[in-house]
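Both complexes below contain chain A, partnered by chain B and then by chain C.
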Partner chain A sequence: MDWLSIFQNSFTQMVGVAAVVYCLAALGLNIQFGYAGLLNFGQAGFAAIGAYAVAVLVVTAGWPLWLAILMGVVGAIIFGLLLGVPTLRLRADYLAIVTIAAAEIVRQVARSVTLNDYLGGSDGITGKYAADWYALNPFDGFEWFIFRFSKNDLWVVINGWILVAIVALITWLLMRSPWGRVLKGIREDEDAVRSLGKNVYLYKMQALILGGVIGALAGVIFAMAAQSVQPDNYSTTLTFYVYVIVILGGAARVFGPIVGAMIFWFLLVFISEVLNNAVRGGFISSDILSTDQIGQVRFMLVGLGLMLLMIFRPQGIFGDKKELALDER
Partner chain B sequence: MRVRGTGVAPRASLGPRDLRRWTRRVLAGLGAVLLGLGLATAPALAAETGLKGVVKDPASEVGIAGVTINVAADGFTGSATTDAEGAWFVAVPSAGKYEVAIDTTTLPAGLGLADPTKAVLNVNVLSEGRVQAVLFSLAAGGGGGDAGADSEVTTPADEGSSLWSQVPQLTVDGLIFGIVIALAAVGLSLVFGTTKLTNFAHGELIALGGLSTYFFNVVVGLPLILSIVIAFLFSAVVGGWLQNRILWKPLRKRGTGLIAALVVSIGLGLFLRYLFLFLFGGQSRTFNEYAGQPGIEIGPVLITPKDLIASTVGILLIAGTIWWLLRTKDGKATRAVADNPALASASGIDVEKVISTVWVLGAALASFSGIMIGLQVGVNWQMGFGILLLVFAGSVLGGLGTAFGAILGSLIVGLLIQLSTLFVPTELKYVGALLILILILLVRPQGILGKSERVG
Partner chain C sequence: MSAESTDSRQQAAAAKQVLAGVDPVPGVAKPDAIFRGDSIQRSFGGLVAVDVAHLEIQRNTITALIGPNGAGKTTFFNVITGFDPPNAGTWEFEGHSLARKPAYRVARDGMVRTFQLTKVLSKLTVLENMRLGAQDQRGEGLFSALVPGVWRRQERENTERALELLKKFNLTHVKDEFAGALSGGQRKLLEMARAMMANPTMLMLDEPMAGVNPALTQSLLEHIKELREEGLTIFFIEHDMDMVRDVSDWVVVMAQGSVIAEGSPGHVMRDQVVIDAYLGAHHDVALTESGESLTRKADA
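Showing the complex of A and B:
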């Protein structure tokens, strides 16, 4: 067992690119699910829209990066409107069904052969996404004790966490504003808020769109970090991971998704690294578990973790059980 | 811990070493089997990666044997010769673009391509585990005909006459697919009606039916019919009764909220899917018997006998459920609970017993849905999740919570998916169905048969 490399990989991934991307997506979902009580199961769709906006506009059409990101945000707003208009007046589970279906539509359209020339089919689009932005990087890789980043990863991670901090700050400011209080009121008792003369539908729509835009930014970072987009990276699995992160950290807490993402990625990488080492080192017979099955065990643990968390500690690490009256809808 | 949540898992399964042994045995037979699947009436779900097609005489619609098909791509070449039914199959190593060429010199005298420039088609195999259909259109007189020939993949149907001639076949395919969806949707809808649980793990009950049939048939070696019966009962007991008993009933007692229960079902679904993958591997497998059955022609429609029998059984199961709901005491109690659990309980109905019955019934019906898919295109670990959204679409279309609505909605969704291939590329046919789901919610959120109620 190579414990140094196990911890090196685990701690690096704890604050690595994937953690940044999922943290952003989770911050968005936290506004929808945590604060407004909206069951958005289409966060992967929002992320895909952000990622493909950058991919198509920068790589294929040659637009400047900032304009492409802006278009990704606009795309997420339109997607949010499309999802919200039919469902936000309905019971919460309809929103769940429609958003999960819509995210699948986005993925299947993105990987379709018909649009192969524009969206690259199942291979996606690979190319120079943000050469100018990477050129700004003054750093040269990073290695200290248990953290180890390549040059490009380091730049993505630094910028990513700054973005996370900004988004978290905005969330914090919003949620202590009257707007945030109305939103939490809707989550607790929609009828009460409505009887106070608030337009519940509009508030829900704003929350859905705001969370979706943050989700799209997660997709943008994902695309820029990987220098490619692949449609199957934006499957429902991404959404399920993000749910685990939000619930693990504690829904309706500003720091919930951030801590959740860090713990989630640390555990995910740590478990698979330990299993990998154990199988390679002969501690676990390869008849019981082969190395290519470790990913499957990881998914099983995520599913099991989601169930157990929701049953035994729905408020996660930071959450307040009293605040999360998730029952009535 | 009171709740273990592994209710549906076929725990008594075997170790990976045994699995690998059957895998080899199954894979050996798979190539041959897929040849016969040439014109499966099934919706294209996953199977071994490859290209397939049927070469037919345009006039008599009879398959032509002995035609050579060559497949080429970067670093890969393969070829196949059509069998007695005119079917061919070439396994390819990965998804990607392939050049598929028909050797016109091997065609019988007097026959040629309808469009001689289409002797080589560029076909994209969309993903791993997918068999892409390729169609070469022939015409009498050795070419020069003006009928458009194309791969089924790139243009679904571009001409009026051929468009409408596909309608009967697509209608039958759609109805069969609708039955597959309806079998699963009844359980989903009844469980929702009685417990208000939106069960995202319902797809795994479909997979449980298909995979346990595979287990009893191929691994244990029982005859297929017997395996189906055992798998049906096994799914009902383990997937339905046991799942409710060890997971959902304790959760109801705990007072777990509906949203929390929904998230739990997502976790359960994720866990079970990857457990299935762990136990069965990633390949798509077919049952031992009837896998490569040739179709029979009834009027303008080609259908395999197994599909005919399976869908008849499916219809009987659905009809039996309707009869049970309408005529028996338990069925009436179920409808009463779905209508108003508190009132039903107050009038002396044992609500928990009804819920347990509904789980058993729902799991059993869903398992037959998986068995039908298995008969058509084979079983794999994510077969249930693959159609879960369509099951939701059917249920919502008919009215979530109503069994009759679920049946009606599913048949419409099935028909719509198949008939939409007349106008949209086959690969996007599910997208159309899901779009319609969203549109229906916009106009009539309670569904066709649902009661209008104020929600939100």
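Showing the complex of A and C:
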């Protein structure tokens, strides 16, 4: 067992590109689901819109990056409106159904054969995504203790975590303001909030769109980091992992998604590295587990861990047990 | 103290005097109506829950809405406050139509209601529940929320007002608790106090005293009378006839969806139609003297 490399990979991925992307998507979902109680199951769709905006506009059409990102944000706003207008007046479950379907539609459109020339079909779009932006990178790679980053990854990660910090700061400011209070009230009982003269529909729309825009930024970072987009990266699985992260960290906590994303990616990489090493080193017989099964098994183990968490700490890592107990009254 | 109570008595007398000239018949016009409703209907499938031909509520009075269980009182509240779409009907408040306006607009226009099944926001503290009630908050806009300097002073003022109200409603000691941790009676009180935070012109209470202990009921009744002195109109649903008699200037009686009687408390409780509605068959019960027994039988 090569413990040094196991820890090196696990800790690097804990704060790596994937963690940044999922953390952003989870910060957005936390506003929708955590604070406002909106069951958005289409966060992958928002991320796909951000990613494809950059892919199509920068790589294919040759627009400047900042303008493409702006268009991604506009796209997310429009997507949010399309989802919200018909559903936010209805019961909560309608939003869940519509968002999960809409995100699938986005993915299917992205991989459709008809639009192959524009969106690249199931292969997606690969090319020069952010050459100018990468050129700004003053750092070479990074290697310290158990952290290891390539030159490009380091640049993505630094900027990514700065973006995470900004989004977290905005969330924190919002949620301690009267606006956040209305949102938390809506999560508890919409009618009570209506009876006090608040336009519940408007607040839900704002929360859906704000969270969706943050989700689109996650997609933008994803595309810029990978220098490619692939439609199947934006399937419902992404949305579910983001839910896992929000619940793991503790819904309606500003730092919940950040810690949740770090733990999620640490565990995922750590488990697969350990299993890989164990199988290759002969500690686990390849009759029981082969290396190509590890990808699935690690999710089983993460799922098991999540079950244990729900049993022993249902409020998540940052949640407040006292608050949860109120539901049972 | 005594000056205050004479003042309150005068006020009550004035309200009663104006209403004394009003005929005690269902749907009668009032000299200064703050609310007027016409042909308001709401049915659930085949069941006509509300069918109110005409109803007016006199400004600056305490009007009680009574009636047996299932008479349609709560549904009537729901309809006129925009929580339940009517099948037909128009109504106006302070001269402008509120029909089919969303609930939040109705509240902003000054008709603020509470719910029979209390709706406190469990995971907000009592004080946060109160602050939520305040109107026109600058910090409730998405962008201004990001700049605390814009809303901090207003928030402080709202907090002061909230603390004053909490004191009146005996909730000061639980102000930092989660509202979900309150008892049933305390929740009723909080909901009422929160509605007051919204600065209503007409306060609509759905069984405000259900589950509140008798000692506190007395002080709350005084508080409700005080609100009338401050110029509010109060429209409340209540089953407790003693309370209705004690506090209300006018009583509206509903049964099977319609207004079957209205008038002064004394008049209504003597009305044979009302007795029949409550007790079903033709009973020979003197209602004025035995209001309590009526309450018990109606509840049973």
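What to note about this one:
In the analysis below, the second predicted complex is superposed on the first by the 306 of 329 C-alpha atoms of A that agree within 3 Å, B and C clash if a C-alpha of one lies under 4 Å from a C-alpha of the other, contacts with A are read in each partner's own complex, and residues count from 1 in each chain.
Please note the rule applied: contacts are C-beta pairs under 8 Å (C-beta built on N, C-alpha and C of every residue); 3 or more make two chains touch, one makes a residue touch a chain.
Here the structure is a predicted model, which is why all the values come from computation and not from measurement.
When the two structures are aligned on the shared chain, A:Asn116 is found in touch with chain B, with no touch to chain C.
In the superposed pair of complexes, A:Gly185 makes contact with chain C only, with no contact to chain B. Shared-chain residue A:Arg148: touches no atom of chain B or chain C.
Of the two partner chains placed by the overlay, only chain B lies in contact with A:Ile288; chain C stays clear of it. In the superposition on chain A, A:Arg313 makes contact with neither chain B nor chain C.
Looking at the superposition, the partner that touches the larger set of chain A residues, chain B or chain C, turns out to be B. Taken together, the two structures place residues 326-327, 329 of chain A in contact with chain B in one case and with chain C in the other.
The touching residues of chain B, when paired with chain A in their complex, are 3, 5, 15-17, 95-96, 124, 126-127, 153-154, 198, 251, 254-260, 262-264, 266-275, 277-278, 389, 392-393, 396, 425, 427-428, 430-431, 434-435, 437-439, 441-442, 445, 455-456.
For chain C in complex with chain A, the residues that touch the partner chain are 81, 83, 102-105, 107-108, 112-115, 119-124, 128, 131-133, 135, 137-142, 145-146, 148, 151, 155, 178, 180-181, 194-195, 197-198.
Residues of chain A touching chain C in their complex: 170, 173-174, 177-182, 184-185, 187-189, 191-200, 206, 210, 322-323, 326-327, 329. Interface residues of chain A, counted against chain B in their complex, comprise 37, 39, 82, 85-94, 96-98, 100-102, 104-105, 108-109, 111-114, 116, 121-123, 190, 237, 240, 243, 247, 287-290, 293, 296-297, 299-300, 302-308, 310-311, 314, 325-329.
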